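The following block contains the structure, expressed as structure tokens.
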Amino acid sequence: MTEQAIPASPIEADIETFGALTDKEPQKPPRSQWKDIWDQFRKHKGAVFGGGFLIFITLGVIFGPWLWDLDPKTLDIRNKNWRPVYTLLWDSDAKAGWAHPFGTDQLGRDILSQMIAGGRVSMAVGWLAMALALIIGTAIGVLSGYFKRLDFWLMRFTDLALSLPILPLTLLAVTLFRQPLNSSFGPEGGMFILIVGIIGLTSWMQTARIVRGDILALKEREFILAARSIGTTSGKIIRRHLLPNVISPIMVSATLGLATAIITESALSFLGVGFPSDFPTWGKLLADAVQRMQDYPERVLLPGIAISLTVLSVNYLGDGLRDALDPRIRGR
Amino acid sequence: MLTFTFRRLILSIPTLLFISFIIFGLLQLAPGDPMAQVPLTVPPDVKQKMREALGLGAPWYVQYYKWLIQFFWIEPKIFIDYLTNTSFLLGWLPDTAFYQGELRVISWQTRSPVMDIVVQRMPQTLWVVGLSYVVGIVIAIPIGIYSAYKHYSVFDQAGTFITMIGFSIPPFFTGPLLIVIFSVYLGWLPSIYDTTHVVTDWASFKVQIFQMIMPVMVLALQTTAQISRYMRGAMLDNLNQDYVRTARAKGLREGVVVMVHVLRNSMIPVVTIIALGMPAIFGGAIITENVFKVNGIGQLLLTALFANDLPMVMTLTFIFAILIVLFNLIADVLYGLLDPRIRYD
Amino acid sequence: DGHSGERGRDGDVKILYWQAPSILNPFLSGGTKDVEAGSLVVEPLARYTETGEMVPFLVTEVPTVANGGVAEDLKSITWNITPGLKWSDGTPFTSADVKFTAEYCMHPEGGCAQGAKFQGVESVEAIDELTVKVTFENPQPNPYGPFVGGESPIIQAAQFADCLGAKAPECTEANFNPIGTGPFKVVEFRPNDVITMEANENYRVEGKPAFATLTLKGGGDAAAAGRAVLETGEYDYAWNLQLAPDVIAKMEEAGKGKAIAGFGPLVERLEMNLTNPSPDLPPETRATVAEPHPFLSDFKVRKALSMAIDRELLTEVGYGKAGTPTCNLVPAPALYNSDNTECLTQDIDGAKALLDEAGWTDSDGDGVRDKDGVKLAILYQTSTNAVRQDFQALIKDWWSQIGVETELRNLDGSVFFGGDPGSPDTFQKFYADVEMYANTFNGTDPQAYLSAYRCGNEPKPSSQWQGENINRFCDPAYDALLDELAKTGDLDKRGEIGRKLNDMITKDTMTIVPLVNRARVSAHSNSLGGVALNVWDSELWNVADWYRMK
Amino acid sequence: MLDQTNTGPIAQIQGLRVEFQTKDGPVVGVEDVSFDINPGETVCVVGESGSGKSVSSLSLMRLVEYGGGVIAGGRLLFDRDGKDQIDLAQTSGPDMRRIRGNEIGMIFQEPMTALNPVFTVGRQLTEGLRLHKGMSKRQAESRALELMNQVRIPEPERRLKQYPHELSGGMRQRVVIAMALACEPKLLIADEPTTALDVTIQAEILALMDRLKRETGTAVMFITHDMAVVAQMADRVVVMFRGNKVEEGTVEEIFENPQHAYTKALLAAVPKLGEMTGKAFPEPMKLLGSEDKPIVPIEGSEEVLLTVKNLTTRFPVKGGFFRRTVANVHAVEDLSFTINKGQTLSLVGESGCGKSTAGRSILRLVEPLTGEINVGGKDIMALNQRDLRTARLDMQMIFQDPFASLNPQMPLAEQVAEPIHNFGTLKGKAIDERVEMLFDRVELPRSFMRRFPHELSGGQRQRVAIARALALNPKLIIADEAVSALDVSVQAQVLNLMMELQAELDLSFLFISHDMAVVERVSHYVGVMYLGRIVEIGTRQQVFENPLHAYTQALMKAVPIADPRKRKDEKDLNFKPIPSPIHPAGYDAKPSEYVEVNPGHHLLITDCGY
């Protein structure tokens, strides 16, 4: 038997034994919850990178037009088909220069400014459609998980939504709502609302299912019962107790949702039912450039990289936020 | 379990009827005209006659009713006839001959029964889309397992990175890219899928493999990205469970612990997710099929849509709805079968 | 070099149509893809060559007034069938089949897509086994509608006997595998996918076709089709490559095949709306003659819009070798091509001056001209198509230079060209100021084409928005000239009237602003010989003459 | 007992130090622990939660690595076959696997989760046998059958083919024991094998282990925080505190002459059955460190607050094609009792007997089928949903699991303030003051107000739950197993706190528990439940000092006593498994009839299924 370190005096040990009863440490200045979240968030390198890139690209597309003031719609047919400046590195004869750092397209429109303008639309469509899908999905998931009576019908409704074909739906929506939307939001704004609406309305189902599953499990947890016993109303239970606890699957859906929204928009453009032709989006720039992929690979690569990096950084950002928002992980 | 399945099956009938009604309504409201592909040189009065010949003049409820009868009564009769007549499964039964030549669901584009075309398209869709699903899963599962087991390792990070990229690149980009590389520059693979190709021997089998590689890979990329994420999540959930410690305390090898105990539990949610993805296989992959000219169900739907071939669109969409409802049910039943803790009823 | 030899000596030929044929009976589908695929199997009595000349196919000679085949009063035409012709099933081809074909298409419930070909036909009689006489209700200066060209081939009476009228769509077997007299017969037809054919052993010409089998694959897009022929060499022939010229040129560099172009009367044009499409108007009068357009009814505005356009550049950007700038609605055949070239030079300053002169000035300084509170703001719509969108962008740019604001819109082709009277987006409704699309006519005679612009032929609510006078053009002088054309049999005289009509609708009124005379571009591999691109008839019209170069 | 030839210790832990790498740097799980285990001996390791008991045992199995731990120092000598000693801390992976499960077996705390839910019991039982003993499938199965018999599982053949969830908790724990014993290990590590179980089952499992140890001669390292269990099982005791060993000795030494202050505190905190004999009213425990507080019995009043009459709650079991009710779970059957103001009524009974359902039915958190509930003159059964919510102002509930009953995503202060917000009893700053007051009241430092549940220990969390229950000044608190999940020392604190509050605020408690010793400590009245019915009810003295019903007597007997000289024998224990409370839809449950044996002491005379 080896000697154990025995606390100096029994009294000290006693106090320690019941340490829970008194403040062990001096009162720390109150910590802000948001500061904690930020501290935890900062630890996640991927998230910081993702967030940084996202801010960069968001600021880029918002303020880009002031820094790079070429109009993406201006045609300059004499200067068509410029290559990006970096081609000068290996091919000094290439038609390239700093006047159009990313080159120009077949009608001489500046690609950099198109990327900026396209990014605005793509990001906006992505975020809004994702947000819409999340709101609908979460609402339906929560309602059907929480209220047993609604469950059956809401889930059948989800089945219905899953089986609706997006293409005819788009055409239908365009016919029914284009005119009124156009007159109140302008042709581009109107189409924007339509596209966001359609993508949002056709991609909430996965979220709804996952949220429902989680709510069903959470509902059985004792703290929900506890909340009911202290007189919390259903609405408050959902808002205060259930929703914060399904943040994590919602985050995952959000990540995938943004990617899907950006890609769906581009697929719609590819199939010819998207935005007006002179209204660039990343997806459309990519789709339009596929034909000339061999000669001008940069025209597919640039928007492709922009989409991928955005999706990737949202993914990492989502990971980081999920960790940061969960106090259990944050505490570690 | 059996009553549960049976009950859900019965309940799905009104659901499906409702869905069919909604789809029909949407398609009726949607703009578009089956005469759009007729050249402008054809005068309007001729077009009007053609339109009338398609039965477009009848009120919507008559059209809907007709479709319902055709789809739910006449087509099944033909199917049963086929089963008892030509299929090798039930061919020994006496020929039922239920079908008396009633009007079937006829496509406006081809003026032929929709179902015949669907049946014709099934093989290539199942081959390409189905195989890509299988390939995607086969790749995704080991990636998911290993990523979860080596959580936050370089492999995990790289896996996340690559799968997310795979997820964020649309097939209308990867498709032509592969074609340019493998068909144009290298000349290894055909860029056009031959749907009439029949596998008879090794050489023709190789041809079949060659023509499937690219479309399968493009589609598998998407599947892999999603399934591996789910797999990783499920594995992570289970790796920290108490029973894993128990298994280790028995002295089992790590391989057995992970691949038998953890994997079996993690597969429960993943298998149901895989089942939920199945209808998409039958639905084809619109863009990829188009890029590689694998004329399957997806391409059929796309051409039907652009030609405003309503009976075709309606039938395809509705078959898709049936599959979704069915596989929802299958996923639920699978969940119950795989997880002994869950018992319906 | 393979020009001659025995039938089927050259194995397989592979043809790629990026729009897949869905039926082989051209009477049930007006779609080009279907008509052309059908033309491999079923043939008309006579058809046009690549130069637009009519040649006999199943008859001994083309009937004319000169050889007595056409009656002096232009009210009937008599065809003499070549003796000894056989269907691919070996049965003899007779005048009964011809008569039946007419019956089939003229049946009121059949919904025949080629009904226009048989318009004005009073009766079709089989005089004897090999003689058919078509009688018209009125004198027909151009009696070559029925049984001429790929759109009205002869189908076999025996096969289609039970498929008349409402039963037509139920004859799936016949519609998918028509028995014909053409060089090939169907082995398997997979709708919207692929057709496999083999040489017709009863084909009337010895040693033709050179190919034993033919595969016609459908689906994909034009770029992929071009790639498969020009870059990978997997296919022999690709149909209708609607691609930017630089893309095609790049593909040709691979050296596997070449692109070929053929010019016909296909013209890409701007259509000016002479009526007011404003959404504020009630649906009964919106875009109808009751409401003239606020500014496009001013000739000078239309003229200025046309002057601002650089057609050379448009052609270069959009079509390259596959297009020529034109100012004419009927640029071909040469007989009808007016010498109207004024519009070919862009004149921005002239356009500005013209607008100033007409009183359209930028009075409020927003860069857009206006007059009496009406702004020159144009809604410019077309169908979704990469080249058209480039055109839109360029034209918008030029118009903005002369102080005209443009809003672009592109619509899905199936909606835009679909005549659904319920949809606000069809080209007939014309709920826009300017529309762009291409149109052409069948055969070599433009009479019907030009007749579209008759007063009263405009789409309107009372006609369910049907009608071909898209611009809502109305000029009694024009109508009178049309009547004269209908009575004139002499070709030179017809040419003169035709040119005058063309000028009236283009140069004189700028109702239609032609942009580019578009060629049909197809591609064939270097090893495929005998291809003669034909824009007056089916592209596959002479497939019997195709052969493999050795 | 010591009939082994080799007399040296089978395992020696020397200066063990285990560290965990966390995001915030290394955390020490075990600082410096040394002790030996001799062959055939039971060494009990005791200590509060988090003191490093599990980590020590997992180190011995080298399983800590899988949880991210590293053995940073010390030696773990293990005696293989009496020949060579090897240092487990240095052993390679493959060798370690041969030892694990084969020479050292381990039983885990949670029988519910320790078994893989998707494999049959038989499969999991034979796995180790086939691996270590190279048995064929057949051989392994017959050995498994033998083991099942050894751990006294009825119908072993059938059980082998069942899945873990089809077995009751006690049976599952037996399976885990059988699994650990399968290869006849020389050392058996049992990490809190009975903590999650009922008293009756606990008694059985303890007796079983004792018997097996005697029969097979394995050495046992037994980890627990329950001193009563220690008294029943141990030969020697090791006391751990905050990662260190503070004391070691034979069981008698430790219980009769504890040296270290912590040990003393621990022993003082253990409620012992029979301690309250002769006292009419409950009184707080005398805890070390609070000796100066006077101990005042809590009398309460005779004024009736809650009356429950003929309360029946059933859960329908739906089935068949039309999902009709085919059977009912008779969770609570004809229950009647009253609670006086400022007094405590305890409901005791085995798991599944309907205690929780009874408590929830009173709050109408589950809807009772019939019966009367009257709180302070208000007829609860007659209220509509809105009035019911208001009625809950007077009745609050504390739940068993302090981990599950607090929302993990919400700061504590908000959770305590939530009922106040819900009913708007206070506004603005008054809320903050009230919350601060409540934290003071339950003796939690105010700095905890901003914390999240996971940052607290179990006892602290339960205090938060109590604070929340107090927030609305209720008259009645239903404490559903409120202290069952807590460490003894913490449990004692919480119990004392509850009693203090009762004395001070005149609270009434419905105290639900299966721990007889705790119940004896806190109750004025006790009701013993069996299969949804109260079989015996009376004052605490009546029920504990004169148990009349056979079931009550059996229950009493099962309670382990924290005295090493009063060990129980397996023979004394005689429990039948509880019959199923599920009856077909038309089943007619007989009303309960009682005789009043003494004034206030009622005994069920109709059949209750026992």
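As written, the chains take the letters A, B, C and D, and residue 1 is the first residue of each chain.
Convention: a contact is a pair of C-beta atoms (placed from the backbone, for glycine too) under 8 Å apart; a residue touches a chain by one contact, two chains touch by 3 or more.
Chain-to-protein mapping (UniProt): A, B = ABC transporter permease; D = ABC transporter ATP-binding protein.
Remember, predicted model here, so these are calculated numbers, not experimental data.
Path length between chain C and chain D in the touching-chain graph (shortest route): 2.
Annotation: A-B is the more contact-rich of the chain pairs A-B and A-C, by number of C-beta pairs in contact. If you average the Cα atoms of chain A (ABC transporter permease) and of chain B (ABC transporter permease), the two centres end up 27 Å apart. Note on chain placement: the centre of chain A (ABC transporter permease) and the centre of chain C lie 48 Å apart, centres being C-alpha means. Rounded to whole angstrom, the centroid-to-centroid distance between chain B (ABC transporter permease) and chain C, based on C-alpha atoms, equals 38 Å. Work out the mean CA point of chain A (ABC transporter permease) and of chain D, and you get 45 Å between them. Those residues of chain B (ABC transporter permease) in touch with two or more other chains are numbered 31-32, 176, 184, 305. The set of chain D residues that touch two or more partner chains is empty. Shared contact sites, meaning residues of chain C that touch two or more other chains, fall at 223, 412-413, 415, 423, 425. Within the complex, the chain B (ABC transporter permease) residues that touch chain C are 31-54, 103, 106-107, 109-113, 116-117, 120-121, 176, 179, 183-184, 187, 190-192, 194-196, 290-293, 295, 299-300, 303, 305-308. Across the complex, chain A (ABC transporter permease) is touched by residues 15, 18-19, 22-23, 26-27, 29-32, 157, 160-161, 164-165, 167-170, 172-173, 176-177, 180, 184, 226, 229, 286-287, 301-302, 305, 313, 317-318, 320-321, 324-325, 328 of chain B (ABC transporter permease). Note for the complex: chain C touches chain A (ABC transporter permease) at residues 223, 243-244, 246-247, 250, 279, 313, 317, 384, 386, 388-390, 392-394, 396-397, 407-410, 412-413, 415, 423-425. Residues of chain D touching chain B (ABC transporter permease) in their complex: 61, 63, 66, 97-102, 105-106, 108, 110, 113-119, 127-128, 131-132, 163, 165-166, 176, 179-180, 318-321, 323. In the complex of the two chains, the chain A (ABC transporter permease) residues touching chain D come out as 1-2, 4-7, 10-11, 13-18, 20-25, 27-28, 30-31, 33, 43, 221-223, 225-233, 236, 240-241, 244-245, 247, 326-328, 330-332.
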